[in-house]
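The following blocks contain the structures, represented as structure tokens.
The following pair of complexes shares a single chain, chain A, combined with chain B in the former and chain C in the latter.
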Partner chain A sequence: MTPLTRRDALKGLGALLGAAAFGRALAPLQAWTEGLSVDAFLQRHYRELTPEALRDVLRRLEDETLQDYGAEVHIEDLRPLPGVKFAYALNLSVCIGCRKCVEACHHENNHDRDTQQSYIRVLEMEQGSLDMERGTADYDHPVPAQGKYYMPVQCQQCDNPPCVKVCPVEATWKERDGLVVIDYNWCIGCRYCEAACPYHARRFNWKKPSIPADEINPVQAYLSNRIRPAGVMEKCTFCLHRTRSGRLPACLEACPTGARVFGNVLDPDSDIRWVLENKRVFVLKEELGTKPSFFYFFDV
Partner chain B sequence: MDTRLSPESHLTTYPRFLLSALRQATDGSLAFYAWMILLTALALVGLNAWAHQTAEGMALTHMNDHVSWGLYIANFTFMVGLAAGGVMMVIPAYLYHDRDMHDAVIVGELLAIAAIVMCLLFVNVDLGRPDRFWHILPGVGRFNWPVSMLTWDVLVLSGYLLLNLHVCGYLLYSRFIGQAPSKRWYVPFVFLSIIWAISIHTVTAFLYCGLGGRPFWNTAILAPRFLASAFVTGPAFIIITLLILKKMTRGFVRGDGPVQTLISIMRITVLLNLFMVLSEVFTELYTGGSHTASAIYLYFGLHGHDGLVPWIWTAIALNITAALLLLTPAIRTRTPLLVLACAMTFVGVWIEKGMGLIVPGFIPSTLHEIVEYTPSLTEWKVTVGIWAAGLLVYTLALKIAAHVMRPAT
Partner chain C sequence: MRHLLTTALLLTALACTQDRALETAEPTPPHPTPQPEHILLPEGFGRLESHTHLDTHGRPLQVRCSTCHDAERGQPMKGSPHLIQTVHAGLNLQHGHLPCAACHHPDDRDRLRLADGSTLPFEEVNSLCGQCHGTQHRDYKHGAHGGMRGAWDRTRGPRTRNACVVCHDPHAPAITQVMPAAPPRDLPTPHDGAHP
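After this line comes the complex of A and B, so read on.
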């Protein structure tokens, strides 16, 4: 072996300094990795979990909510009911654009308070036009305004959902009752679905949601309104934590004009069935072939 | 007489090869050390910014629910093109038996390796949950193949990386032990890599153009356009590399042949790219209607929002000027002019295909809301860091190759 030269010594020193700088650069990750449990890291996809494993996951998530948010919540796993296919209809003739549905969604679904997140956007549209290019979601004046009508848009629960198609890890899928859901613990946060959705229905958690403990809705389900982790996608599920146990979506209950009709299309006596059979309904962006389960109509 | 090494002796020569590569990678002139330290420092700044982004959330970027992809995916798209562009040396070398090019082709293949490494980094820093990366691994996670185009991209990009690693590694190792490389161990892989290069950029275009809800991307010309611009930036970058290598190394790159061939290629591809941009712009603007909103936003501004207008016109000016310069006879002899043209079109395509393609896809949003986007400091730091890391990989790879391939004295 050749003896240690000055150059070798300098190189060794450089390597040491480099390694130290590398460690310093990654230091901000330390707190983040401490917050990640091994169980959470290794958790399998929702649809691969055995009933026992799923039960453990639900208890773990409840514990985490208590620790992180100081709120006692109950997270359920609600499956689609047999013989049920959900659909939603909205009467554009009576909607006044008050955004009560937006607010109800915000509270019901435990959205981040700082960003005023909600799954619903209400467009103020111009009479005589269905072109969204001429509408706006940023209106700030008493409603309803002269010469305008209002069109709330949320997830259309498409039967041919482009968001599901593009997901590289099958973190989002369509359930038997027509709802498109996300496993928040499987999503990798690539946001391809957000690019693919033609209805701006999907939202990303750009940061950890912040909600005061006393405002947290404790009635939660794994696939819907439980508090989402940072860095994953989320979306409207027609409030499946309510609708799969026989209740109505929060946006419908909040609507002061009765513009919203929700129900099981497979039930011949349901209100939604009556609307679909008797009103001249239409869907948004029909030409894209997404086959929405969300219908609009004018009551004239 | 067969002078080939026995299989056993590879067990000793291969580690010797790796050791020699390591020595080459850590030893050099003062300028080399300075360059390495600069790149390392920049890469560490990027790493630190990414660590903050991961720990505190992607709210540190300026992306939002309207413009949900930004600088990272723009650079990713551009780098896929650079990786595919390396093939423009491989085709003349292997399909047209250009001898000079044959000697220099490894420069393009190494560029492909560095560019793919950068692609993978750009995709990873864009993930909200990098800790769940394993979910996308075939067999371990749930791989939505063949339906999701992103899974195709995972396959073609990693495949392209492996192909180029194999070809470069094999050729360099053969040279190191002083044996002529056996054709069957690399020629089939080289031909496969030509098709593969086309595939990586086609799949990346399909990623966008398959989305019906984004009319700006939903155009059949996207994949051909991606390839045309890739065949501009690839040769442009390689020409500059070859000129630098000629100065810095002794005899690794011989003759002027490869540069001249690449100029001939660029003369066509730069025009082809402009032609495709023109076809796209015509179709958009002449048709009119709501589907044209993104293009109008990009080129002229929409309802008073015009954040990208100066960028895209800069890109068009750079690309047209570069095209004109490349058409002059002087480009073949006057090096500064050539470097200028290459740099101009490189930057021009970077704007046009990065920010000029990804961002307007989101503006206006699918509900026709206009939210503009400018990258945050975090995004710039991470991006510069990845470029530095890529140049680091490329420099080291070239240095090792130049040493192994040096002419016998």
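After this line comes the complex of A and C, so read on.
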């Protein structure tokens, strides 16, 4: 046996160090794949799933919710209703800024309890100003305050959505009924869409949502209020799990003043059509050309 | 080659028209009969809670107005709430300069009275309010004023709507200030360890 040369010893040491560094570099990947099943990793894009594969995905997600949260939920896949395009209108003369809509959204959409997340932000605005960038969202005093009015802002379901254009992986898109949706399992969490949205309407899931089992809303849909994983984007879907089965959105039902009007713009007899035809409606940041499906008006 | 190209072009055109057809699909034919609309009234509206008597469930007994205000021993209606010294004393009336009889029927206290003198059951209070508040009543009829629950299209399900008096106290209808729900806490505080 030849004696160990200095050269061989250095080579061995180098290889060992290299292997250790490689292992260390891969460690985050291991942590990341914890709780990620092979099925979840190999899952295809929502729009490429066959009906059978989608059914399996829904059952798997239901099982995961049962395991992680101890809650039995029913996750549906609801498609756009034919002949329906949703629109929303909000009467700023009537809104008192009570945040009941914010609260209802928080519970309806299974938001994280710690961060008190919600898809709606109510801006307290100076009377005479229409610049939403100058509104304050964190007011905490009796409302309505003197000299102020209140403007709830949520996803505007734009017909020309900047958030959809910037998504590098097509994890977000616009559906036929006007709703902009996200495949939470396809989203890579780059937050480009959050930056692109001029209405601050998109939210990022910084952590795994914590919700007590008995507070989880079990009526869920794949594209809306199922519990989102950490590290993905989420947004208002006009309560797709309710509205695509004919029910009003949760924020509208919670509104004590009746400031909110929702419906199908393609139906000439709908409430929303009456508002669009008879009130002086406007959209936020019209100059950007985003073509929102969310309208605001004052009583005049 | 030319045939192939023509076929390809034709197929593309066909695909496009099919897409277009999907987008402009006619609205689904509405349900022949729209589902009912239920008007929600406040608990005990048009009755008075007794301060001394309980009902069989232990709740304050609700009495009809005619219990006291019947034809024989009826108290004549006072012109203004300041003149009331007994049961309704301290009633907060801040609704223009309306006398009691503007809405309450002086001869039939279990009902309301419209401006033309006709009687109206308490359940139809909306039409009474609508006599003066025409724009709000018009908006209400078109679903653009007043809270509601149920379906966004009545051909898809029933709907419950608040009567005017659910949100507006008929004696003092202006909306009073409330404390809002908690403000947003969108992001965890930076560097508190919750940040991934």
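Here, the second predicted complex is superposed on the first by the 273 of 300 C-alpha atoms of A that agree within 3 Å, B and C clash if a C-alpha of one lies under 4 Å from a C-alpha of the other, contacts with A are read in each partner's own complex, and residues count from 1 in each chain.
Criterion: a residue touches a chain if its C-beta (ideal position, glycine included) is under 8 Å from a C-beta of that chain, and two chains touch if they have at least 3 such contacts.
Note that the structure is predicted; figures quoted are calculated from it, not measured.
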Mind working out whether A:Asn264 is in touch with chain B, chain C, both or neither, as first, second, both or neither? second
Touching A:Val38 in the superposition: chain B (first), chain C (second), both, neither? neither
Figure out whether A:Leu4 sits in contact with chain B (first) or chain C (second), or with both, or with neither. neither
Partner chain(s) touched by A:Gly231 [first = chain B, second = chain C, both, neither]: both
Quick one: is A:Leu288 in contact with chain B, with chain C, with both, or with neither? Answer first, second, both or neither. first
Counting only touches as set out at the top, which of chain B and chain C does A:Tyr139 meet: first, second, both, neither? second
Output check: A:Arg121 vs chain B and chain C. Expected answer is one of first, second, both, neither. What do you get? both
Considering only the touch criterion stated at the top, classify A:Pro256 as touching first (chain B), second (chain C), both, or neither. second
Touching A:Arg203 in the superposition: chain B (first), chain C (second), both, neither? both
Kindly list the residues of chain A that each of chain B and chain C touches, one partner per complex. 121, 137-138, 203, 206-207, 230-231
Taking the touch rule as given, give the residues of chain A at its contact with chain B in the complex, in rising order. 7, 11, 14, 18, 21-22, 24-29, 31-32, 36, 41, 45, 121, 123, 131-133, 135-138, 153, 162, 165-171, 186-192, 194-200, 202-208, 229-233, 285, 288-290
In the complex of these two chains, what residues of chain B are touching chain A? 26-27, 37, 40-41, 44-45, 47-48, 51-52, 54-59, 61, 63-66, 68-69, 123, 126-129, 131-133, 135-136, 141-144, 147-151, 154, 207-208, 210-214, 290, 293, 361-362, 364-369
Write out the stretch or stretches of chain C touching chain A in their complex. 22-23, 25-28, 30, 135, 139, 142-153, 156-157, 162, 167, 175, 177-188, 194-196
Footprint of chain C on chain A - complex, ascending: 81-84, 89, 91, 94, 96-100, 102-103, 114-118, 121-122, 137-145, 176, 203, 206-207, 230-231, 243, 246-248, 252-253, 255-258, 261-264, 266-267, 270-271, 274-275, 278-279, 299
